[in-house]
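Order as written gives the chain letters A, B, C and D; numbering starts at 1 within each chain.
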Amino acid sequence: MPKPTCQDVSVLRITPHGPEGLSHGLWLIELENPGWQAVRPGQFAMLRPTAWGFEPLWARPFSICRATPERLAFLIQAVGRGTRLLTGLKQGDTVTVWGPLGHAFNTEPGVRTLMLAGGVGIAPFVEYSAAHPTPSNLTLLFGHRPPLSCYPYEDITRLAAASAFRETSPQDIPLFVARIEEAMADHAGGLALACGPTPFLRTVRNAALKLGVRCQLSLENRMACGIGACLGCVATDSEGHHVQSCTRGPVFWANEITL
Amino acid sequence: MPKPTCQDVSVLRITPHGPEGLSHGLWLIELENPGWQAVRPGQFAMLRPTAWGFEPLWARPFSICRATPERLAFLIQAVGRGTRLLTGLKQGDTVTVWGPLGHAFNTEPGVRTLMLAGGVGIAPFVEYSAAHPTPSNLTLLFGHRPPLSCYPYEDITRLAAASAFRETSPQDIPLFVARIEEAMADHAGGLALACGPTPFLRTVRNAALKLGVRCQLSLENRMACGIGACLGCVATDSEGHHVQSCTRGPVFWANEITL
Amino acid sequence: MDQSVSLAGLNLKNPVMTASGTFGYGLEFTPYGDLAALGGIVVKGLSLKPREGNPMPRIAETPSGMLNAIGLQNCGVERFLSDKLPRLPWKATPILANLYACDPDEFGELAGVLAAEEGVAALEVNISCPNVKEGGVLFGQDPSQAAKVTEAVKKRCGSKPVMVKLSPNVADIVGIARAVEAAGADCLSLINTLTGMAVDVRTRKPRLANVVGGLSGPAVKPVALRCVWQVSRAVNIPVVGMGGISSAMDVLEFILVGAHAVQVGTANFTRPDFAFRLVEELPQVAASMGVTDWESFRGSLDVG
Amino acid sequence: MDQSVSLAGLNLKNPVMTASGTFGYGLEFTPYGDLAALGGIVVKGLSLKPREGNPMPRIAETPSGMLNAIGLQNCGVERFLSDKLPRLPWKATPILANLYACDPDEFGELAGVLAAEEGVAALEVNISCPNVKEGGVLFGQDPSQAAKVTEAVKKRCGSKPVMVKLSPNVADIVGIARAVEAAGADCLSLINTLTGMAVDVRTRKPRLANVVGGLSGPAVKPVALRCVWQVSRAVNIPVVGMGGISSAMDVLEFILVGAHAVQVGTANFTRPDFAFRLVEELPQVAASMGVTDWESFRGSLDVG
């Protein structure tokens, strides 16, 4: 695995994702690629505008949505102070970025693979589908609240089978859970990969254990350093040990951690 | 005296002052006038970009350089963190501003009046000359280091007699002191007004006391509140009492304070 | 919802007071809002005789905070009573006098003078000022000294409630709080400033003439919340929380950990209408957080 | 100028070390710079047995700072010595072990194990951790307890220097410092974190599962500078300063008030190459401030 680096790079492009991205706070940020050669899908980077003095203090972690030799793209949802400041950046602004970090999703070319994404959790699957040698083995199930155009859904449907489920009210949740279980059942003997909010990951994990599907989850724990040093991001493994989700994850086998 | 107010207003225009303003960090910032009717020359305002979270914490005080019913203009020199952030504002940004604050310079229409300005200390004399009923009684002596075009010097020469002294090395200081004393001697029986850095004010004060010229000084003490509440800005009056320079000044009679 | 709070016999329109030393004598703020809209006003620390305070410089900005070493400059109790108090809306909103003295007897004497005034609603006893040589924070670091000062004030305060203001510069703030409660305090306020320092490498001098000063502002909020939480669980008298409050959400945080009311300090310097705006915003922010009454919300922190 | 510093028998290339708990076991940072370029590396607090630490959440951002309640999660001294230390460049730069234990005897035992290792240059004794139930900060708040721990460690440390790390959560840090000096400490480091708290009004829960945690980062720098200034004037052993250092100028501030060396903590989280960049920038910034040697600059604060 090539070494991660920490560098200051420029914002090449920053736009709301799709016509309704602005009102739903979903942005695509493209940065100069600081020379990262081998980004593996599911890995993430820590981003911190260089102009932030020390307030806020921490960088924020984001999945690498797309990596080309020239640029790194991130799909960012403005949910709090840090993401609001990040999505307010302008082209040409400088961002300190370190990565690529953490463990990636497994790529098993010959295996039918189900991608389960909740909201911005779709981000890593863009790179995953693009880098996969046999995308015909891939299926995406995407749960979302803002309109589909706010997400890079089409970047995936171009390559892989996909279906989307829009949640508009709490009553929709059991329906979505049923869809997840159905899709998982359909992938018995295959591989399931999930990225999204923790309640969603819990659902996926339960279904995977129940149905015996091999399954990886990408956790979204709060992080300060992103490199295993602060111990602020730990998950609990199946033996009750605390393991850093930044370095031992963010992608874990569903049966190896508790949620 | 009309009541001061505190309001959020827009930046109407922000530009370096003159062709060399950018490299010397001298800026003219024009804000919407929040309805201040009767600004008196020598008064100041506290400015704080509304987007500053609480870092930095304090607003910064600036002399009102020009006030029209539509706009307030400030001449700002970027010298530290706060002024660098302020001069980085863009048109349309919001600034919280309170004022007009403090005591103004005396305007004595029939009296020959000498304006002594050091550097950005020229700011209040722009409004002073413009508002003076008999500018023919006014004379400006201006000491500066950056080029003259970085300052609104011409706005004053249009109305009043003026001369400028550029300090390029420490050896120039005694020459400037001599010019100050000469000008003061020439205004015996008149009025002298000074605004600039503290060492400059000290020189002026000494000359005024020696020559017996009635003289007012505008102090530049560090301020947190600008309204007399924090007691962080005090000057020492001739009886040894601490008086707020924001409310009892910033303009003081030279013989009423120590420096 | 009803914003009012009753605090050791005082009726506050709302839980937001202004903190001593950050709101002058109140009058400085009249152009920027209606003083009578505030829950209460604590005026600048008063001493028996006028004090000139410390030499300059007295204030310095720090990351998300500030240091001050004003040294209790004040006009003295006499001039406060003759010149300032009559102009304050003391019939419409409680005016609290903040007391500073060099020994328990002097505290008692000062309390007697102030408590006798109709316009003074309550006394706040500052046993925690880090910026004066004599007494100051030392009273606030020793439980028995703190108790002595409290007793001296209680003896002379008539029917006026006595609020004692605690220092965070201690190993065990609960111990001090209990000592002061046992000595008869009606109410506690906390925190005063943390002792800190700033220096200028260029000049090799301290940024405050007094060398050390008191740290306040958002930077200290985590320490303040911890102190209020610890103390409010340990005593049976109400607690007024402060330290870094700079939004309506911050007010709710202090009430959530157990405060009856709060004081806003350093934030008043970020804009002079700060406290007035906060009072206006609070009902709506409280409602949006599902707060239906102060009583049930206060101290409802769920620690599992 | 010569950047090196001698500290209680250690030779540091430069005065910049990394602080315990903020630099992992050092190895996490190898991709981002040359560990051997640092003045020293203090590793995460070690205990005799591995510890899982506190439940999640363990960290929270605060204004210009952060709270942590990691609870001394660590791999235990054995695994540190077998897996981590051999991979660290201990011949090129001093590696300091940070010790945590529940009583003086256990501190002594741990000190014995660590001091026997060639790769451990010195011991830093953590008597000031606010995030564990047993012992922790309590040792650091009581002069006689602090002295006992120091003595226990000194008895077992062989020729290795012992640095004792002090808590700012006390009324009189000088008293603790003197007690620890008298008990034989070779050096002091300060400050550890201030006890603080953060809450979430929406969920009505603390932001840390442990409820309280330790405050660090630029917010606490004024408190740290004050402590270092007070302590370094009062003791005859060298002092290592820390608390909120986030620039080369901050390093100079700590040396100006009396520190021999410094540790960089929370700032390592703002970018993993932070400490390496700081070491690179320091000579030039020092020169621009007219510093010609550490010896004459140290403690040269002009307090008039």
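Everything that follows uses one rule, which is that a contact is a pair of C-beta atoms (placed from the backbone, for glycine too) under 8 Å apart; a residue touches a chain by one contact, two chains touch by 3 or more.
Since the structure is predicted, the reported quantities are computational estimates derived from the model, not experimental observations.
J.: Work out which chains are contact partners of both chain B and chain C.
T.: Chains that touch both chain B and chain C, as defined above, are A, D.
J.: Using mean C-alpha positions as chain centres, tell me how far chain C is from chain D in Å, no decimals.
T.: Chain C and chain D have C-alpha centres separated by 34 Å.
J.: Could you tell me the distance, in whole angstrom, between the mean C-alpha positions of chain B and chain D?
T.: 47
J.: Return the distance between the CA-based centres of chain A and chain B, expressed in whole Å.
T.: Spacing between the chain centres: roughly 54 Å.
J.: With chain centres defined as C-alpha means, what is the inter-centre distance between chain A and chain D in Å?
T.: Chain centroid spacing, chain A to chain D, equals 35 Å.
J.: Can you list the residues of chain C that touch 2 or more other chains?
T.: 63-65, 217-218
J.: Could you pull out the residues of chain B that touch at least 2 other chains?
T.: Answer for chain B, listing residues that touch two or more other chains: 53-55.
J.: What topology does the chain contact graph adopt: line, ring, star, complete, or other?
T.: Complete.
J.: Could you list, by residue number, the parts of chain C that touch chain A in their complex?
T.: Residue list for chain C touching chain A: 63-64.
J.: Could you pull out which chain D residues touch chain C in their complex?
T.: Those in contact with chain C are residues 62-65, 67, 141, 169-172, 194-199, 201-206, 209, 211-212, 215, 217-223, 225-226, 229, 244, 249, 252-253, 256-257, 289, 300-304.
J.: Help me check something: in the complex, which residues belonging to chain C touch chain B?
T.: So the residues of chain C touching chain B come out as 21-24, 28-29, 31-32, 44, 52-53, 56-59, 61, 63-66, 68, 70, 73, 217-218, 246, 266-273.
J.: Hey, which residues of chain B end up touching chain C in the complex?
T.: For chain B paired with chain C, touching residues are 3-6, 48, 54-59, 96, 98, 221-222, 224-232, 234, 240-242, 247.
J.: Touching residues of chain A toward chain C in the complex: what are they?
T.: Contact set of chain A toward chain C: 53-55.
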